[in-house]
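Both of the next two complexes hold chain A, though its partner changes from chain B to chain C.
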Partner chain A sequence: MEIKTEKYHICYDRETATVSFSGSLRLSGPEEYQPITQLLGDVADTQTEKIILNLQQLEFLNSSGISMLSKFIIEMRKKPGVQMTVQGSKSVAWQGKSLKNLQRLMPALVVELV
Partner chain B sequence: MMQLSVGKGASSRVMLEEQPSREQLVLELERLRQQVEDLKEEKADLEILLETSAAHSDNLTSELRYRALQAVREAEKRLAQFLEAIPIGVVVLDSEGQPCYVNRAGENLLGKGVLPLNMVDNLSEVYQIYIAGTKTIYPSENLPIVRALMGETSTAEDMEVHRDDNIIPIEIWGTPIFDEDGSVAFAIAVFQDITERKQAESDRHKFINELSLLNQSLEESLDAESELTDAYGRFVPHQFLNLLGYESIIEVNLGDQTQQEMSVLFADIRDFTTLSETMTPQENFNFINAYLSRMEPAIARNNGFIDKYIGDAIMALFSDCADDAVKAGIAMLNILKEYNKHRQNVGYIPIQIGIGINTGSLMLGTVGGKSRMDSTVISDAVNLASRIEGLTKDYGVPLLISHATFEKLRNPADYAVRIVDKVQVKGKSQFVTVYEVFDAEPEEVRLAKLENLPIYNEAMLLCDRKEFREAGKLFEECLRNNPSDRVARIYLKRCRDWRTLLKGI
Partner chain C sequence: MNQIFGNFIEPTPSQEYLIIGFSPSSIPLKQRWRNNGLSADFLADYLTTFFPGSQEDASALTRQAEVKSAVSYIANELLENAMKFNDENSHYPIDIKLQLEKDGLIFSVANSIPASAVEDFQGYIQKLLICDPSEMYIEQLEKNAADENCTASGLGLLTMLNDYSAKMGWKFETVQQDPEVIAVTTMVQLIL
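Right after this comes the complex of A and B.
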């Protein structure tokens, strides 16, 4: 499973249960984020132990994007058996604060900032 | 489903009517409590979601703003780097006329950077800008940067920056920068040190001046040389040098010589010694010079040149043809007539001259020693010319020429000529016939001599044959027509003398 455009690239590695994001996500509203929401939903259906979201290469994410991620986290909260991990980068300015906020939605969420 | 719900409602109404059981109430309560919990959780999620979104949005906004500022600063920094790197001065005034930027080259040139001004009129004074070559502050209103504030583009290079220890001539361009409304937002000026160019200009002026001075002194030298040439030409005739094959006296070497056929003219004032005794030395020289300066042109005009003056005597040479010498002699006698009229008018006695001309091969050359040198002519022809000149006294005629000259005349018939004598050349056995040229005689004398010419010639021929009786008769006839003919008179006497002599034998 993969979504690739000029601006961003999202790919899923089943072996490591990792969804990697890179580039800039500037889509407008939930409608445009729908394919990504779908991708994440599909991943959630196949993984029963853990899911890692690697955002280290994602340089930019707009507000609709963070909403999309937040809703996914809320969905995953309904599957307490699945360990959620979000990997971020300290060198990407927005990631520090916004990724920490995701923990408020899911206290069990592991946020790794490299 | 709808049906079911209605059914359910109906049944609860039934239960309400029938009083719900306690278990039912507890379950209902539990269900409601769960719903409230779910709603609470949802509310909390929404709040977090909202806060997360807002915080994220704030983050992004400030991040973007930071980046934008960063980009602007970067661009400004780069622009400033460009301006700083330019090797010529750049000054920017804002629309109020306040300096807001001076680049490094500008600061180095002016010795000052951005300084606050009370008013733009102080600009020249604050930055010590003067009118070139003066101690007058440059009028600020004329500065190209101030004119740029008025919207003009201009240049100037008549100014200097005065620093503590030196003066820097500068050239400046001013131009306005307009905003969107078309009003002046900034005035920008670029300027540079033109010391080198000014130096080059002044060097060029200096060189031109030096060159023109050199040129002038060269001209003066040339003038002096040409004056010198004129001066020595009065002592050594140019024609003499030319005949030796030289342009200038500097080239002449002792012993240079040339040989060529020429006519020699000798002219002498008759009885000059007697005349001279009545005058002071000053008067003597005044007289000789007055006379010689009159005669000189007659010779020059006829292509001759004066080889030398010997007291009152003139020795002239004619290298072109014998006619020149004869014409010069006639011209001298005509000039003399006018000169004598003038002398008589002012109370002086008229003078008489004798002219002798001979033609022959002449040697021209230089003689002398190491320190004294002169040009000279060596030839028997000169001696004969001198002797012929002496004969003019004996025969009482002013102009005599040798047979050699007569022979060289292009057309002897152009002249009034008659035989006068035969003279023996010194040291040689041959005789040379001498002729009288009487073109310059007074009209009546000339006509009389011409009229007598056939009888005269016949008489001379008879004389030659020693038929003195017949000859004497003819001379007598000549004298009847022209009693003033001294030659005829002399020959008549000779004829009588010879007859007396012969009778005696």
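Right after this comes the complex of A and C.
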């Protein structure tokens, strides 16, 4: 599973249960984010133990994107057996500011900032 | 109408500023959406001149990256809001101004707003001004997740308050009578 455009690239590696995001995500609302929501939903349907979201190469995410990601985390609370991890990068400044909020939605979420 | 909410200051003449203007009726919103990000990144890039980084000084480089990322985020969100909530029937321009001050930055974005939307927006502003941003932020995320038909995230201004500790203010003014055009200027102050 993969979504690739001029601005961003999202790919899923089944072996490592990792969805990797790169580039800049600034779509205008839930409708435009729908393909990504769909991809995440499909991943959630196939992985029963863990899911890793790797955002280290995601330079930018707008508030509609934060909403989309949060919605997915909230959705995953219904599957407490699946260990969720979000990997971020200290050198991408927005991640240091905004990723910690995800943990408040799901205390069991692991946020790794490297 | 001439109303002020929150932390709105009449801008003093500044040595360094940039203004980018848009004529909202020239091309459809969908086609101009990419310009929000381009403009925000340009403002952010331009500003790094005043926050020089050097390879030898890691903390200066980190600071530069932080300023750049904050400007890029805030300017983009303000422009997205202005484009979304602009009064489509008016030809009033949308503009964004970024002003460099001694101890921080001031963003001001002006756009027109339909008269029918003023009351709701002012109600929301009053809520924002008295809220605990971190609580309201989480509430908003839960609300968005529960709402299947949610079309707007309602997170832009809240992230500025919660994640960037910004100060905010608004000015509503009637800029034209018959037909009436109301303009709102959103001001965001970022202490650096």
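Basically, the second predicted complex is superposed on the first by the 114 of 114 C-alpha atoms of A that agree within 3 Å, B and C clash if a C-alpha of one lies under 4 Å from a C-alpha of the other, contacts with A are read in each partner's own complex, and residues count from 1 in each chain.
Just so we're on the same page, a residue touches a chain if its C-beta (ideal position, glycine included) is under 8 Å from a C-beta of that chain, and two chains touch if they have at least 3 such contacts.
Everything numeric here is computed off the predicted structure, so don't read it as measured data.
Colleague: Please tell me, clash or fit, for chain B and chain C sharing chain A in the overlay.
Modeller: Overlaying the two complexes on chain A (C-alpha atoms) leaves chain C and chain B clashing.
Colleague: Touching A:K97 in the superposition: chain B (first), chain C (second), both, neither?
Modeller: Once the two structures are laid over each other on A, A:K97 reaches both partners.
Colleague: Figure out whether A:Q83 sits in contact with chain B (first) or chain C (second), or with both, or with neither.
Modeller: Touch status of A:Q83: no partner.
Colleague: Which partner does A:T18 contact after superposing on A: first (chain B), second (chain C), both, neither?
Modeller: Neither partner.
Colleague: In the superposed arrangement, which partner chain does A:G29 touch: chain B (first), chain C (second), both, or neither?
Modeller: In the superposed model, A:G29 contacts chain C only, not chain B.
Colleague: State whether A:E75 touches chain B only (first), chain C only (second), both chains, or neither.
Modeller: In the superposition, A:E75 contacts chain C only.
Colleague: Chain A residues in contact: does chain B have more, or chain C?
Modeller: Comparing touch counts on chain A for chain B and chain C gives C.
Colleague: Check whether A:I66 is in contact with chain B, with chain C, with both or with neither, and answer first, second, both or neither.
Modeller: both
Colleague: Quick one: classify A:L105 as touching chain B (first), chain C (second), both or neither.
Modeller: The answer is both, since A:L105 touches chain B and chain C.
Colleague: Considering 40-48, 94-102, 112-120 or 166-174, which region of chain C has C-alpha atoms that clash with chain B after the structures are aligned on chain A?
Modeller: That would be 40-48, the one stretch with clashes.
Colleague: Which chain A residues are contacted by chain C in one complex and by chain B in the other?
Modeller: Of chain A, residues 60, 62-63, 66-67, 70-71, 74, 93-94, 97-98, 101, 104-105 contact chain B in one complex and chain C in the other.
Colleague: For the complex, give me every residue of chain A touching chain B.
Modeller: So the residues of chain A touching chain B come out as 60-63, 66-67, 70-71, 74, 93-94, 97-98, 101-102, 104-105.
Colleague: Provide the residue numbers of chain B that touch chain A in the complex, in ascending order.
Modeller: 45, 48-49, 51-53, 55-57, 59-60, 63
Colleague: Using the touch definition up top, name the residues of chain C that touch chain A in the complex.
Modeller: These residues of chain C touch chain A: 30, 33, 36-37, 65-66, 68-70, 72-73, 76-77, 80, 84, 134, 137-138, 141-142, 144-145, 150-153, 155-156, 158-159, 162-164.
Colleague: Considering the complex alone, what residue numbers of chain A touch chain C?
Modeller: Its residues touching chain C are 24, 26, 28-31, 60, 62-64, 66-67, 70-71, 74-75, 91-94, 97-98, 101, 104-105.
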